[in-house]
Each structure stands twice: as structure tokens, then as C-alpha cells.
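I've put the structures underneath this note.
One chain, chain A, appears in both complexes that follow, with chain B as partner in the first and chain C in the second.
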Partner chain A sequence: MVFSSLIFLYLFLPVCLLCYGLSSSLAWKNTILVIFSLIFYAWGEPIYIFLLLGSVIINYLFGLAMGKCKDQKQEKGAKAFMILALLFNLGLLGIFKYSGFLVENLNLLPFISLPVPSLRLPIGISFYTFQILSYLIDLYWDKVERQRNLGHFLLYISMFPQLVAGPIVRYSTIAAEIGSRKVTMTEFSSGISRFVLGLAKKVILSNHLSVIVADFFGGDLSQLTVLGTWYAVAVYAMQVYFDFSGYSDMAIGMGLMFGFHFDENFRHPFLCKDISEFWQRWHISLGTFFRDYLLYMPIFGKRRKYGGLFLVWFCTGLWHGASWNFILWGLYFGIFIFIEQCIGKKKMRKIPLLFRHLYSKLVILIGFGIFYFESLSKLLIFFRRLIGLDGAALTDQYLLLSIRNHIWLLLAAVICCFPIAEWFKKLGNRSVGSAYVFNALQTVCNVVLLAVSSILLVDATNNPFLYFRF
Partner chain B sequence: MTKTEALKMLNPIFCEVFDDDSIVLTEETTAADIDGWDSVEHFNLISAVEAAFSMQFQMREVSGMKNVGEMAEIVAQRAK
Partner chain C sequence: MLTSSLLGNDHNEIDIRLPDPEAEQAEALRRQCAETAALRNQRRLAATQSRPIKKRAVRKALEERMQAKEALHQKHLPVSEPVIAMETSTIITAPIAPQQDPLLRIREAEELHFLEKQRLAEEQAKRAAAEEAYAKESQSAKGFCRSLQRKAVRQWKKEAAAIEVQKHLPQMERRMAIANVLLCSVLGLGIGTGMLILERPTISETENRTLASMPSFSLSDYWNGSYTAGVSEFYNDTVPFRELFKHLTATFRNYMGWQTGGAIIHGGRPQGDNTASSEVVTTTTAAQTTLSTNPAISITTTTTTTTTPPVVTQPEEHQGELSNNILIHKNRGIMLYGGSYRVGQNYASFLNAYQSELGPSVHIYSMVIPTPCSFYTPEEFQYLIGSEYDNIQNINAHLVDVTPVDAYGALAAHTDEYIYMRTDHHWSALGAFYAAEAFSAAARVPFAKISEYEKVTKPGYVGTLYGYSGDIALKNNPEDFFYYTPKAEYTTTYYNPSLGAKRTAPLLLNLDHLSPVSWYMVYLGGDARVTHVQTAVNNDRTLVIFKDSYGNALVPWLTSSFENIYVVDLRYFTPNAITYIQQVGATDVLFAMNTFSATGGNAKHIETLRIQ
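On to the complex of A and B.
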């Protein structure tokens, strides 16, 4: 089930909220959330739900065993369980996500011809595995208490707002709220606004931007003009941003409706002035996960600073998919962050702002091209069209027609890359009168955006979130 | 080395990394008190401190330090 579907919007979520609201105790509220989360997951994954449940139970036991060792001051025992847990979780991810890719590449070697496994990727496995790892590592590092209640642990992993496409919620972020929380009307109302904003980003902007991308990149790439290639990749960057940040908005909004406070996952990434800043604003939960659990891994000795950096970017690429283009994409960003590290923040700041913006957007757009083309031969054609090789024309009527036909969509998309909601909110906070006007306007906006999104969803045939495949 | 001595020795490293000579560290100083202390600068800071004191922080320490006082305590215990 996806958030941007009519059945979710008008049946699943309202019924879940109603049952949740009618539940008298927190224990019942948690039970309702677990039941609805399992229905939500089983809707699209009737088989792999057992994988999810199995993983939860085994990791719950790992947590208990590690906690017991900690209580008895048996550090070696705790370490052994931590290693076992890492092997189990990364092994599971490896089997389902990377085994086909690994065998395909092994088969390239002479005298090796292994059958390529074709396992379907369980939805959300990359996200929930990382959530489990964050709990276990924090437990091993004495940052959190072990969770003794299996129901609470199942709720943490399976909670439907963030189960299938993040953000990667740390156990430490919501551990206290699993056991004690309350929903205020103000926060519930903020949650609805945030949810509707995310829905609109996805249905009104991202879905329609994807049509432009398919027009340009879906056909014969050798027909692309230079400006047409730049235009399509810029539109694709905005499509991914509105798709993924829209999903995160909906997740954070629903979290608020149920009394949970998830961390932000995006902070207007295209406003960045360099690549390091871009990654502090884009998919923040993944970046902080790798920063805390991988960057400082002591395996590179005195070269830890740069060894860790490239390991993180290799893993960031690999996490996104079992394909060389994703690995290339991760390392591509790693190289620019390495260069920025070598230059240093002080010298970077001295570069005129305009050049920093131009540099960062150029690097980001080319990065989205690498992200889009999983076929390396197509990626090569993309690069050649970008710089006008093979006799590519600068522009053509097709590009002008596309811009003319989608001018309002493109303008809206560019404007929505800026923090306009925050600007309006600041204006609204200036006085009691302006706050009243802001609240009234926000309500009207929510109703209009929900109505428009719903009408658009009636006709929508294919509406998956891009990050579901990760 | 005492914690106070470590704190005193950390001060010029912070000034260098954050390019700000006005920084005066206390045990309670946190990332919120110093302009530009983000994850990238934290990475540079850790590397600079490790190089200056010929030591290495453990992974759990890097992401778990709540303030400069905790950093000074680790440095005081482990610096060579």
C-alpha cells in the first residue's frame, strides 16, 4: 500500500486514526498501531511479512542477550552477540539485495559460471534493517536500554509511517515515546498539514515531473539535444526530491498524528552552496546513520580520515541499489567532498557565492544523471549528450514545446524548492492578527491541496514512490 | 595529563579548525556554542585532535560526546 493512494487516504488512515483515538490506554494504542502496520505491509508483501516478523523476533533476542551480557559485565559476550547480529542483518540484506549483483559480477571472471539468484527485494528491507542496526549498535555502546517488550520492539520496527521508505528513525529518537506519549490538537493539526504538503509534493509535482523525464530519457537518447539533456536531468532532480521529501513529510506528519516526533530528513537541499552542505540537507537520516556507525571505523589506521570518507560514500551508493551506477554515484559525491575537505571550509567560503552555487548545482545535476541511468552504456550516451558530442544540436523545438506545455508545473516546482512554507510561517508569527490569517490560509491550502491530489489520484494508474525499491 | 590541562591544549586546536581565535572552551561547550560546528567540521576536529595527541577516539566516543568536557576527559586519559 502506498500513502498516495485513495484506499490509504480515505479508508486505511481514517480507520486507523479512529481506532487509535478510541483506544483508552497506551497499550491499546500501540497494539492498534502494530496491527495496522502489519496490514499495511502485508498489503504489498503477503509473503515477506514473515521475513520482517522473523527479523524482528531474532533481533529482539539479540538485544535481550546483549543486554544480559552488559548487566553481567561480560563485554566479550556482548561483543560476540553484536558480531552475530551484524552478520545476521547484513547477511539478510546481502542475500535479498546484493546476491544477484555479486554472482553476475563473479560470472564475469573466467571459469566461473554460477546460476544468478533472482530474489525479489522485500519492500523497505534497507530501511528497517538499518533501524534494527541503530538499536543494536546503540545498545552495544550503552547509549540505549535494551527493549524487553517484544510488542514495543515490533512497533518501533514496523510502524507504518516510516516502515517502507524512511526516514531511518533511530531507536533513541522514539524510545521514550513508545512507552509514554500524548497527542495535542496543535500537533495533530501540524501533522495533517505536513501530511497534505507531502501528498501534494508527490501527486501534484513529482508524478507530473516524471512524465517530462520519461519523454526525454525514456526514448532514443541519441536524439537528445544538449539543452534538452540538461533540462531533463534538472527535472529528474526535482522529481526525486519531491517524491522522496514528499514521502518523508507524510511520514513525519503521520508520526505527529500518533504522537511521535521523527527527525527531519530534508532541509531544502538545492539551496546548498557546496556538496558537503547538500548532503547535510538531503536524506539526512541516512547520512547521519553512516556518520555515526561507519565513518570513524578504525580500519584505516592513520588514513582513517579519508579511508572512512570513501567507505561511507561507497556504502551510500551501494545502499541505494545493487548496480554499478549507484556505486559510481556514491563515489562521485565522495570525490567532491574529498576535494572540498582538501580545500578547507575557510577557502571555500572565500569563493564568490554565485560560483559556489553554480558549481554545486552542476555537480548535483550530473550526479542525478548517474543515479538515473542504471545501464552504463546509456549513462555514457547521457554524458556525451550533456557536452554536445556526436554532433548533438544545442536545442530543438521539442524542448521549447515541453517548456511551454509545462511552464506552470516547472515554475511551481522551482518555487517549492525554496522554504516558502517556513517564510509564510515566519510572517504568520509576527502578530496575533497575522497568525490568525496564516492559520486560516493554511487550512484553505490544505483543503485545496488534498482535493486536487485526490482528483489527480482518481486517474493515476502507476503511483509508486521511487525510494520503495531501496 | 589532567582534564583541565587537556582542555587548555584543546583550545588552540578548536581555534585553528573553526578559524576563530575568540573561542574560549569550557567543559560545557557544545556544538551549538561554536559557529560552523557541523558534521564535516566535527570530522576535521576529531582528526586534528587525534593527530595533535597521537591517539585515536573509539567509534562510540565520537558520536557519544555530549560536550567538550567529555572530549577533554578522553584526551586526558589516552593522550601519549
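On to the complex of A and C.
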């Protein structure tokens, strides 16, 4: 089940919220949330739900064991359990996500021909594995208490708002709220607003931008013009941003409705001035995860700046998918961050703002090109088109037509890359009267966006057959 | 009231209390002076204190003046303090000589008065000087001060407003939150309940398909995920008022860009390769559906007198040849043609194989029909499309003994007439007329004039291209659908694609029970069935037409040209084509299909029919 579907919006979520609201005690509320989360996951993964449950139970036991070792001051025991847990979780992730990719690449070597396993990727395994790891590592580092309640641990892992597409919520973020939390009317309301905003980003902006991208990149790349390639990759960047941040917004909004406060996952990434800043604004939960749990691993010591950095970016790329282009994509960003670190923050600041913006946007756009083309041969064509090799024309009527046909959509998308909601809130909070006006405006916006998104979702199943036969 | 009286002398009590008007007067004057001075000082002090910008000079002047005043007081009013003290208490602190000369006292008072006046004048002068200094100094600092002041005021106002807002914010937020939650949940729950209790549609007219149905539960379906997926699809697909919402969506999408007077392309650019050695073929989208639930068809067959139920089954796997690329220009939908020389050559070789197998006794004709994109694509988008003319020429060049029919030329001569439907991917009856005319000339058969037919017009037609492109311009500009009924006599018999289930029914359907989007089904009631038309013509000519849906519209125009016409859809026919042609004793075989079919995925069916 995806958030942006009618059955989720108008059947699953209302029923879940009603049950949640009607249940009297926190224990009941947690139970309801777990039940609905399991239904949610089983809806899409009737079999792999058992993988999730098994993983939760085993990691719960790992946590208990490690906690016990810590209590008895047996550091060695704790370390052994930590290593075991790491092997178990990364092993699961490796088997289900990367085994096919690994075998395919091994087969490229001479004298090796292994059967390629064709395991379907369990939904959300990348996210929940990392959540489990955040708990275990924090526990090992004495940052959190062990969770003795299996139900609570299950709730933390399986909570449906963040289960399938993030953000990666750390255990430390919501550990306290699992045991005691309160939903206020104001927070519930802002949760709704956040959710609707995310839905609109996904359904109104991202889905329609994807049509443009498919127009240009989906077909024959040899027809691309130079400007057309740049245009399409820029549209693709916005599509991914609205898609992913929309999902995060919906997750954060639903979290608020249930009384949880997740950390922000996106902070207007396209406003960044350099690549380091971009990654502080883009998919923050992943970036900080790697920073805290991988980069600062003691094994790197002083080599952190070089080895650790590239390992982090290799992993970041690989995390996004088992394909070479993602690895390339991660390392590509790693190189730029390395360069920026070599230049140093102070010197970076001295570069005129315009150049920094141009530089960062250029790098980001090309990065999204690498992200899009999973086939390396197509990626090569993309690069050649981008700089006008192979006799690519600069522009054509088709590009003009595409821009003209989508001009308002594109404008709206560009505007929405800026923090306009914050600006409006600031403007509104100047006086009581305007605060009322802006809040009322927000409510109206919510209703309109929800209605428009829902109507657009009706058309999502448009699969015309149309007697379209010759 | 105060007197310079003497107390302590008992016998002279009355005397002491004697009023002394002069002294009183002087005293009052002095008091008045002192009071005004004190008041003024107070005011001045207050004024200087309240002023935010105190200048050193001002303060200095003030202090000087205060000192001067005090000195003056001490010098000239030694008695004033005890006198004032006497007023408030009855304690005598400074005895005054009881017998004082009244004149002296007057003089004293006068002197005092004079001194006081002098002092006042002095004070005034000092004050003026101080004020002048103050003004002077403040003048110099005026701009700076003023801007500072303004800034401070603004800041202060802002802070005050913020404090005010902060004070009211929680209350306001709570109120607005309640409103927000109420409105959104009313909307959400309202739609949710509506979706549960309102009647769900089962078919989509504009998409011409049966909507998803609720799957039946089985454990195996559940485990492989198809049950839950089916429930989701059912729920999402059969939304009450679906068509209305789709209409709204199309309207909304229309506003995403700027389409006035311009063109719009849905689905990207077409792909084709018009070089002989290419591997690329036109885009093929295989849509899956069954039309068997379409009530329109069963209604039309109730009038037939067959014993077997009407057979309208469609093959499971439908290979519709459609390109996803639709250009909307001047309210006309144009499918953009890609083309493929390689497939065209295959097509020609398939026909050549028919000719060589059937021998010279059977005439084979190839009519490749161009689509609107050859005639109505605006100049600036010509570069997007492959040339249908060139593709047809390429095919014709590869035909051996097969007679090409120049449908392109026949249509090109009449582009200002209504030869294609605007909102549908098909041609119109008129376009088919010109092509049929060209064919009859090539086949040397009689051909009835258009006046021999009766024109039937049905307004309000919006064809398939709306559903496919979702472009509201088409929906908002319906056209008239028209067809021609032959006056000549004929009987029509239908078979299913495997030649079973024979039944008689009209050649042209009654459209009253069909939704407008399907009106092209007027010809032969659709594609799949094998149709036999026996006409009143007596010329021993028997024609077999292998066609796609474009060919359907040709049939009525040939009812005065051939004795027997057999119409076979090349995608659905299951028997061997050669056997069939020989069975019905065909003298002529016409392959009639549009360019998308001839140079696309449908071409291979021709070969399949021959060898199956």
C-alpha cells in the first residue's frame, strides 16, 4: 500500500486514526498502531512480513543480551553480540538486496559462473535494517537504554508512517515517546497540514513532472537536444525531490498525528551553496546515519578524512540501489565533498555566492543524471548529449512545446523548492489578525490540496483500452 | 496663612496675631516665586530626564542653574525656610524681631521682589542658552538620532506585536487547529464514507473497458500478493463518480501549461526508424481487456435470429497497434507516426508470398492507408514524424505482382473535407469513400456514387483520443459522427474468428445504445468477427478483405462492387488464410490497413495467417 493511493487515504488511515483516537490507554494505542502497521506491511508483502517479524525478534534478543553484558560489565561479551548483530542485519540486507548484483559482477570474472539469485527486494528493508542498527549501535555505545518490551521494539521498527520509505528514525529520537506521549490538538492539526502538503508534493508535482522526464529520457536518447537534456535532468531533480520529500512529509505528518516527533529529512536542498551543504539538507536521516555510525567508527582514526569519507560515499551510493550507477553516484558526490574539504570552509566562503550556487547546482544536476540512468551505456549517451557531442542540436520545437505545455507546473515546482511555507508563517505571525488570516489560509489550502490530490488519484488507474486497435 | 508672629509672650497674644497685610503680601509674593521656580525646575528636570538623548551640555547647564538658584535662595531668602517650616509645624526655628519697622519690611519685600525678578530673568536667559545649546547639539545629531529613534520604535513595535501575538498565539493556534482538523476530517471521512456506501461503477465508457472487480479470496492469491493488490485496484479503480473526476483531472491538467492556440503533445515523441537496416519498430502498447461485458453489443444482437448466443469474445492478448504520442492541434488529435522501412519490407514480402501461393487467378491488392498525421500535422512538428508517404512508397517498391492502391493520393486530394474524425484515431466514412473509389478503379469494378447512399449524422461524438490523451480540448469540442447507409440490397452474416457461430445481423449497427466513444463500431459491430456480405451485384467477383479497424469503414462502399465480400480481421482470424481464400472462391484479395499496422506489429499477423 502506498500513501498516495485512495485506499490508504480514505480507508486505511481514517480507520486507523479512529481506532487510535478511541482507544483509552497508551498500551491500547500502541497495540492498535502495531496491528495496523503489520496490516500495512502485510498488504504489500504477505510473505516478507515474517522476515520483518523474525528480524525484530532476533534483534530484540540481541539488544537484551547486549544490555545484560553491559550490566555485568562484560565489554567483550557486548562486543561479541554487537558484531553478531551487525553480521546478521547486514547479512540479511546483503542477501536480499545485493546478492544478485554481486553474483552478476562475479560472473564477469573469468572462470566464474554462478547462478544469479532472483530474490525480490522486501519493501523497506533498507530502512528498517538501518533503524535496527541505530538502536543496537546506540545501545552498544551506551547512548540509549535497552528496550525490554518486545511490543515497544516492534512498534519502533514497524511503525507504518516510516516503515517503507523513511525517514530513518533513530531509536533515540522516539524512545521516550514510545512509552509516554501526548497528542495535542495543535500538533494533530499541523500533522494533517504536513501530511496534505506531502501528498500534494507527490501527486500534483512529482507525478506530473515524471511525465516530462519520461518524455525526454524514456525513449530514444539520440533525439535529445543539448538544452532538452539539461531541462529534463533539472525536471528529474525536482521530481525526485518532491517525490521523496513528499513521502517524508507524509511520514512526519502522520507521526505528529500519532504523537511522535520525527526529525526533518529534507530542508530545501536546492538552496544549498555547496555540496557538503546539499547533503546536510538532502535525506538528512541517511547522511547523519552514515556520519554518526560509519564515519566516526574508531577504526578509521586519523584516516577518517580520506578512507572514511570515500567509504561513506560508496555506501551511500550502494544503499540507494544495487547498481553501478548508484555507486558511481555516491562516489561522485564523495569527490566533490573531498575537494571542498581540501579547500576548507573559510576559503569556500570567500568565493562569490553566485559562483557557489552555479557550481553546486551544476554538480547536483549532473548527479541526478547519474542517478537516473541505470544502464551505463545510456549514461554515456546522456553525458555526450549534455555537452553537445554527436552533433546534438542546441534546442528544438519539442523542448519549447514541452515547456509551454507545462509552464505553470514548472513554475509551481520551482517556487516550491523555496521555503515558502516558512516565509508565510513568519509573515503571518506579525500580528494576531494576520496570524488568523494565514492560519485560515492554510486550512483552505489543505482542503483544496487534499481534494485536488484525491481527484488526481482517481485518474491514477487510468488504463484506457479505448478500442484502440487498427 | 502665616504671620511673623511672636509666641511665648502670653500677655501680648492678641497683638502678636495681628495681621500684617504688607508683610503678608511680601511673603505671598516670595512664596509664589519660590513655588513657581520649584515647579519649573521640577518640570525642567522631568523634561530632561524623560528625554532619551541627554546631552552633557544640557545637563551641565541644568546643574549650573540649580546651583545658582540655591545660592540665590541662601543669599536672599534666609528666612524662607523656617517660615515654610512654621507653616507645616508650629515649631519656631527662627525668631524674628517683634518690632520691625513696617517700611523696612516693605522695602525688604520690594528688594526681594526685585531680586526675584532678576533671578527669574537670569534663569530664563540661562534656560534659553541651555535650550539653544541643546537644540544646537541635537540638530547635529538629529539625522542619526531620528533614524535610531525610528528603528528603535519599529523594533519596539515589532516586539510589542510579537509579545501580543505570543500571548494570543496558543489560543489562536488551538482555535485554528480545531477548524483545520474539523474541516480536513470532515472531508476525509466524508469521502471515505462516500466511497464505501455509494454505488461503484463497473465499466468506463471513455476508456471503453470493464473496471476492476473485487477479487475473490483464496489463500494462494493472498500469499502471492495478488489478492491485496486486487483489492487495492478494485478500490482505486471503481471510485463513485469516476467519469466526473476524470473530467476534472483533464481540466486541471489543461491548466498546467499554456495551450491557447498552440499544440500539445501527450506521451512524448514517436519513435521510428526509416532506414532499411534498422531494428527499431513503432512503439507497441499491449492493452488488455475484454469487451464481452460491454452491454452495447449484447443489445444490438438481441434482434438477431440465431440459435447460438452472440459471440463477441475477444482474444486475451490484444495487440493493438498504437503509439502513445498524440499531438493535439486545433482540437484535433493526431497520432504521431514513426514508421519503419524494415517492417514495411516484411509486409511487402508477406503479401508477395500470398500472391505466389495463390497464383495469378487471384488478384491481390495492398491498400496502406495514411493517418491524419500526414495531412494535419503543423509545419513546426513535421520533424517529429516519420513520412507515411515514404513508407508507403517503400512498401510499394517491394511488392511483386501485388497491385498497390493509392489511398494516400485519394485522401490527399480531399484534405479540406471531413476525411478523418478529429477526436478519434479512425478516419471518417468520407475518407473511406475516396479510398474505396481508388480501390474500385484499381480492381476495375463498378462503384456507386455517394448519392446512392443515405447519410446518417449523430452529434456529440468524442472519440478515443480524449480517453487516451486526457486532453480536455477534445472533450469540450465534440464533433458529428456520420456514416452512410447503402440503398443497395445485401445480407450480412457474421461468424466468430474461427468461423463458427454463424448468424445474420445488419452490416451497420444501431448506435442508439452505444456510448459515443464506441460509435466507430457501427461498421460490422467491431473488429473481430468474420463478416460475409452478399450483395445484389452479379459480376462473379468475390473479395476477401484482410484488414485492421480502418478497413471496416470500406465495406459499405463496396456493396455495389462485388458479389460477395468477406471481411477478416488479420489479428483475430484463426483458420489458415490461403485455405479460406480458396474456400470462398475469392477472385480478389484486399489488404487494407493503416500505416501504423503495415509498418508496425500487426504486419506479422499477415504471415501468421498464411502459415497457421
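Structural remarks
Note that in this section the second predicted complex is superposed on the first by the 456 of 470 C-alpha atoms of A that agree within 3 Å, B and C clash if a C-alpha of one lies under 4 Å from a C-alpha of the other, contacts with A are read in each partner's own complex, and residues count from 1 in each chain.
In this section, a residue touches a chain if its C-beta (ideal position, glycine included) is under 8 Å from a C-beta of that chain, and two chains touch if they have at least 3 such contacts.
Nothing here was measured: the structure is a model prediction, and the numbers come from that model.
In the superposed model, A:Phe3 lies in contact with neither chain B nor chain C. Look at A:Asn439: by the touch rule set out above, it reaches chain C but stays clear of chain B.
Counted by residues of chain A touched, the larger count belongs to C, out of chain B and chain C. When the shared chain is aligned, no partner comes close enough to touch A:Phe371: not chain B, not chain C. Judged by the touch definition given at the top, the superposed model places A:Gly218 against chain C, while chain B stays out of reach. Once the two complexes are laid over each other on the shared chain, residue contacts for A:Thr186 go to chain C alone; chain B is not touched. Of the two partner chains, neither chain B nor chain C is touched by A:Phe130. When the two structures are aligned on the shared chain, A:Leu457 is found in touch with chain C, with no touch to chain B. No residue of chain A touches both chain B in one complex and chain C in the other. Across the interface of their complex, chain B is touched by residues 140-143, 276, 280, 287-288, 291-293, 295-298, 304-305, 309, 337, 341, 345-346 of chain A.
Residues 19, 36, 38-41, 43-44, 46-47, 50, 56-60, 62-64 of chain B touch chain A in their complex. Across the complex, chain C meets chain A through its residues 158, 161-162, 164-165, 168-170, 172-174, 176-181, 183-185, 187-189, 191-192, 195-196, 204, 206-209, 212, 222-225, 228, 231-233, 235-237, 239, 242, 245-246, 248-249, 252-253, 255-259, 262-265, 267-269, 271, 280, 287-289, 291, 318, 320-322, 380-381, 383-384, 425, 464, 467-468, 470, 517-518, 520-521, 526-527, 548-550, 571, 593-594, 596-597, 602.
On the side of chain A, the complex with chain C involves touching residues 1, 5-7, 9-11, 13-14, 42-47, 185-186, 188-190, 192-193, 196, 208, 214-216, 218-220, 223, 396-398, 401-402, 404-409, 429-432, 435-436, 439-440, 442-443, 446-447, 450-452, 454-470.
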